[in-house]
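So, here come the structures, one by one.
In what follows, chain A forms one complex with chain B and a second complex with chain C.
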Partner chain A sequence: MIQTILDALSYGGLYGLAALGIGLVFGVMRLVNFAHGELIAIGAYLLIVTIDLGLPISIGIAVTGTAILALLMEFSVFKRLRLAEPSVLLIASFGVSVFLQRLYEVIFGALPLSGQIAPWMTGVIEFGDTTITRGSVVTIGLALVLLGGMWFFIEKTTLGLQIRAASSDFHTARLLGVRSNRVIGAAFVFSGVLAAAVAFVLVTQRGSVDPLFGVNITILALVGTVIGGLGSLQGAALGGFAVGTTISLLNSFLGNYRIYTYTWLFILVIIVLLVRPGGLISNKAVKERV
Partner chain B sequence: MSNDLLPSSQLPGVTRFQWQQLLGPIFVVVIVAYAASSVSASFAFLTEGTLALLVMVLALQVLIGNSGVLSFGQAAFAMVGGFASGLLTVPVRIKENVLDELWEPLKMVNMGIYPSLVIAVAIGAFLAFITGLFLMRLSGLAAGIATFALLMVADNVLFNWRLIGPGPQVMPQVPKFDFIDESIAIAVLTMFVVYLIGISRRGRLLRATREDALAARALGASIWRLRVLFFTVSGGIAALSGAMYAHHAGAVSARDFYLGFTFTTLAMLVIGGASSVWGAVVGTILVTAIGQVLLVFEGGVTLGSIEFTLPNGVRGLVIAAALVVILIWRPRGVTGGKEFRLPFLSRT
Partner chain C sequence: MSLLNVKGLQAGYGKVHVLFDGNINVESGELVGIVGPNGAGKSTFLGAIAGAVKASHGTIEFEGESIRSKNPEDIVRLGLALVPEGRAIFTDLTVNENLRLGLTGRREKSGAQKAIEEVIDLFPVLTTHRNYQAGLLSGGQQQQLAIARALVSEPKLLMLDEPSLGLSPTVIQDVFGVLSRIQEKGTAIIVVEQRAHLVMSIAARTLVIREGQVRATLSREDTQDEAKLAAAYFGTGEDLE
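What follows is the complex of A and B.
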């Protein structure tokens, strides 16, 4: 029972991190980045390829590499589409996503690459007669630290203030002297760092990575972002958390009917978009007129 | 802000029916299809599959090109069409052996390919109408995500519900088309329909709503009704494409119409040019041709004394890169979103 709750919380934290990564970029430039999954995948690849150098170095390389790829996406593609409509950006990010998947296939092969990143994460901690997995505890801790760190950064620093300003009204923020390219670049870098954290947790759980590694969690985090309210950073994180915990709990309790979890989840997405385009959690004004 | 994917300034003549705009793309499709299929049996097979894709790209074009609403969800109707047409034609004996959890009446029914195509289109259009009533209230980004959600729901249901399909298995022994001519005829028919509905009064009204929603409403156009109509037509054509695919491959499964299929057809449309039938045709032929050339290279090619071998995955890489490059540098596609014009007949 305790394990079930911890699992739910750790899933929630993980999806919250992924959703926040998507929400950060969405906030500043109205881009729903399908290619966020490929940021997660590159993080996982870098971890597995460099793990022989020792875990701290490997993590350093993965975080840096993921952040660089995120910036590269921005400079090579999205920066050139500043004036395009959100739906065009959506197609472009779909294209970037498939491009990177195939690139990973070319570089690393289509078959899964396995490796032990942090074997101690799969162990258990015993409290009297209850045992819990270390992985779930570490994930919850990591999510708390990163979400706390992001909260501090967004609420207490100048750059964070600028990101918030740009999220709520990009054009006015620009007029008031917020340097848009810098803010967007920062949002991409942080979304890359968050993707690397998600990659670390996922790859320790699964022990392998393939070109489609990040697709599933990205789709579900996207659901969280939409439910939480596109454009609201707390909403995105909370929405992702809600989706993660819900899926985990449904998987524990629904038994054989859990195969239809996605159906209900995505019907919920459509209903939210129709009825409350601003999201369930967020009460902010609707950004895009629909 | 103008939607760059779709042209904001059509040439005045384009809204008027012109035979060259309709017959030009049809001639190109017929000639390319017969030429390619006469090369070899494997090319004929490829051509038949490409014609099914062309019909899907046309389904996307009739919706996205005319309304400007992005949909990632039309593959859901292709999935339904493929399943419907497959289930109606697979021999009863096979269904009893392989698909034992199937609903009894579905097990017992059996018919020819052509009636099954009609029913598949009807089911696809009906489901598109029902879902379109809701989804077509949205536009822009929200429509993109909601239609994506629709694809997820369709995949999840059809991948798991064995009462109405093969579930995660493959539905085998779907009767195949006998001749390439059948696929060509269906594709040509679809091009007629898509061009004529695009040029119709409602098509022009819908394009007007795309350019200036307020002005179009002032003319009395109901954006929602028009969009639902075109979403329904698009769903029916998508179902036709799925059914064609089933009768081409001789088997069908839910994952045939998932993200890869969605990406390929959307890339074809965007690369060719979303706002014209000609764009859909050019995009489909171009992407298929590029894919085939790269496929040959992936198998290894000897030029003089040097042997080239491209690693697997390069095909998808190049097509995805082409999509992104087109979006950045030529957002209206290689045709510029214009309909077919014979150079010496063109009036500007």
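What follows is the complex of A and C.
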């Protein structure tokens, strides 16, 4: 039972991190970035390729590399589409996503690339008759630290205040002097950092990475951002947490019927959206870019 | 040299042109009104000056410097602040956070806290609500917050787009009373209003915009001349100068 709860919390934390990364970029650009999955994938590739240098260095390279790729996406594609309709941005992000998947195939191959990142995370901790996996504990700790750090940055710093303002009404934020390139660049960098954290947890669980590595969690995290309330950063984290926790609990309770996990998940998603169309934390100030 | 000099300004949204011939000249410390019917292009005019709406033709000079191709975030740093129509405060943020955002456009980074305190003195009602969520304020309080937020950047020119919108007559008097006090401190002001009498009562001169063009300039004395006002406003006669 304790393991079930810990699994649910760790899944929730993981999906919360992924959804917050997506929510940050959506907030300031109204861009639903499908290529977030490829940020997670590059983080995992960099971890596996550089793990021989030692875990701390490997993590440093993965975080830096993922953040740089996120910035490259912004500078090379999305910055040129600032005045475009949200639908154009969406299609562009699909394009970036597919391009990067093919690029990963060319560089790393289409087959899964295996490697052990942190084997100690697969072990168990025993408390009398109860055993819990180290992976769950580390994931929960990592999620708490990163979500806490992001909360501090968003709520307590000037740049965080500017990102919140830009997420609420970008047009007015610029009129007050908020530099659009600065807040959008910061949102992409933090989105990349969060993607690297998600990559670390996922690749230690799976032990391999392939070009489609980040697609599944990105789609479910996107569902989380919608459930939480598009345009709300707290909502994105909360929605992602809710989706991750629900998947984990459904997997546990459905047992042999776990193939229906996503069926039940999306039934619940539809019910939530019928009751609260604006999401759990509705941001009524969501406005289009001009 | 004028504080603001705009000539032959054209602006719009995509292929839709709204402003065809925007002209205005504002001196330091002057209060100028702009009136006109709905859809005349008043908000587009202010938006184009502030850099929020793309101008396609014409010149905009602020203290002799061309600002037509500048971003809104750079224009506010030069000392030109816009309070948009509908107040556009950040309802999810607190009053204090809204005011802190206003500091972003300051030219001088020192004295920020003092600037907030000075502005708060103009709007005492905000003092007791500084930690309130801005969305919980009344319409009049939100309008005062929007003006206060623009003022903490210490603009040389403050532009207000329909500050009376949705406010009760008493609150409107309060807001316009504050505008006179802001002007007394040396800040130039442009006020766009639907209520012509209201703005003409405090402005030295008032421009009339109709169908995207500045058609007339009225003086304070013209407030009493209903025929002249109607002719300028609705175009029932020759354009007036």
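Everything that follows uses one rule, which is that the second predicted complex is superposed on the first by the 263 of 290 C-alpha atoms of A that agree within 3 Å, B and C clash if a C-alpha of one lies under 4 Å from a C-alpha of the other, contacts with A are read in each partner's own complex, and residues count from 1 in each chain.
Heads up, the rule we're going with is that a contact is a pair of C-beta atoms (placed from the backbone, for glycine too) under 8 Å apart; a residue touches a chain by one contact, two chains touch by 3 or more.
Since we're looking at a predicted model, the values are computed, not measured.
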Contacts of A:254 with chain B and chain C, given as first, second, both or neither: neither
Touched partner set for A:263, first chain B, second chain C, both or neither: first
First (chain B), second (chain C), both or neither touched by A:178: second
Which superposed partner A:77 touches (first chain B, second chain C, both, neither): first
Touched partner set for A:98, first chain B, second chain C, both or neither: first
First, second, both or neither for A:162, with chain B first and chain C second: second
When both partners are placed on the shared chain, which of chain B and chain C touches more of chain A: B
Intersection of chain A interface sets (partners chain B, chain C): 290
List of chain C residues in touch with chain A within their complex: 13, 50, 52-53, 71-73, 76-77, 81-82, 84, 88, 90-93, 97, 100-102, 104-106, 149-150, 153
Residues on chain A engaged by chain C in the complex (per definition of touch): 158, 161-162, 164-165, 168-169, 171-180, 283-285, 290
Contact set on chain B toward chain A in their complex: 1, 3-5, 70, 72, 134-135, 137-146, 149-150, 152-153, 156-157, 160, 259, 263, 266-267, 270, 311-317, 319-321, 323-324, 327-328, 331
Contact set on chain A toward chain B in their complex: 30, 32, 77, 80-81, 83-88, 90-92, 94-96, 98-99, 101-103, 105-106, 110, 211, 215, 219, 222-223, 226, 230, 259-260, 262-263, 266-267, 269-270, 273-274, 277, 288, 290
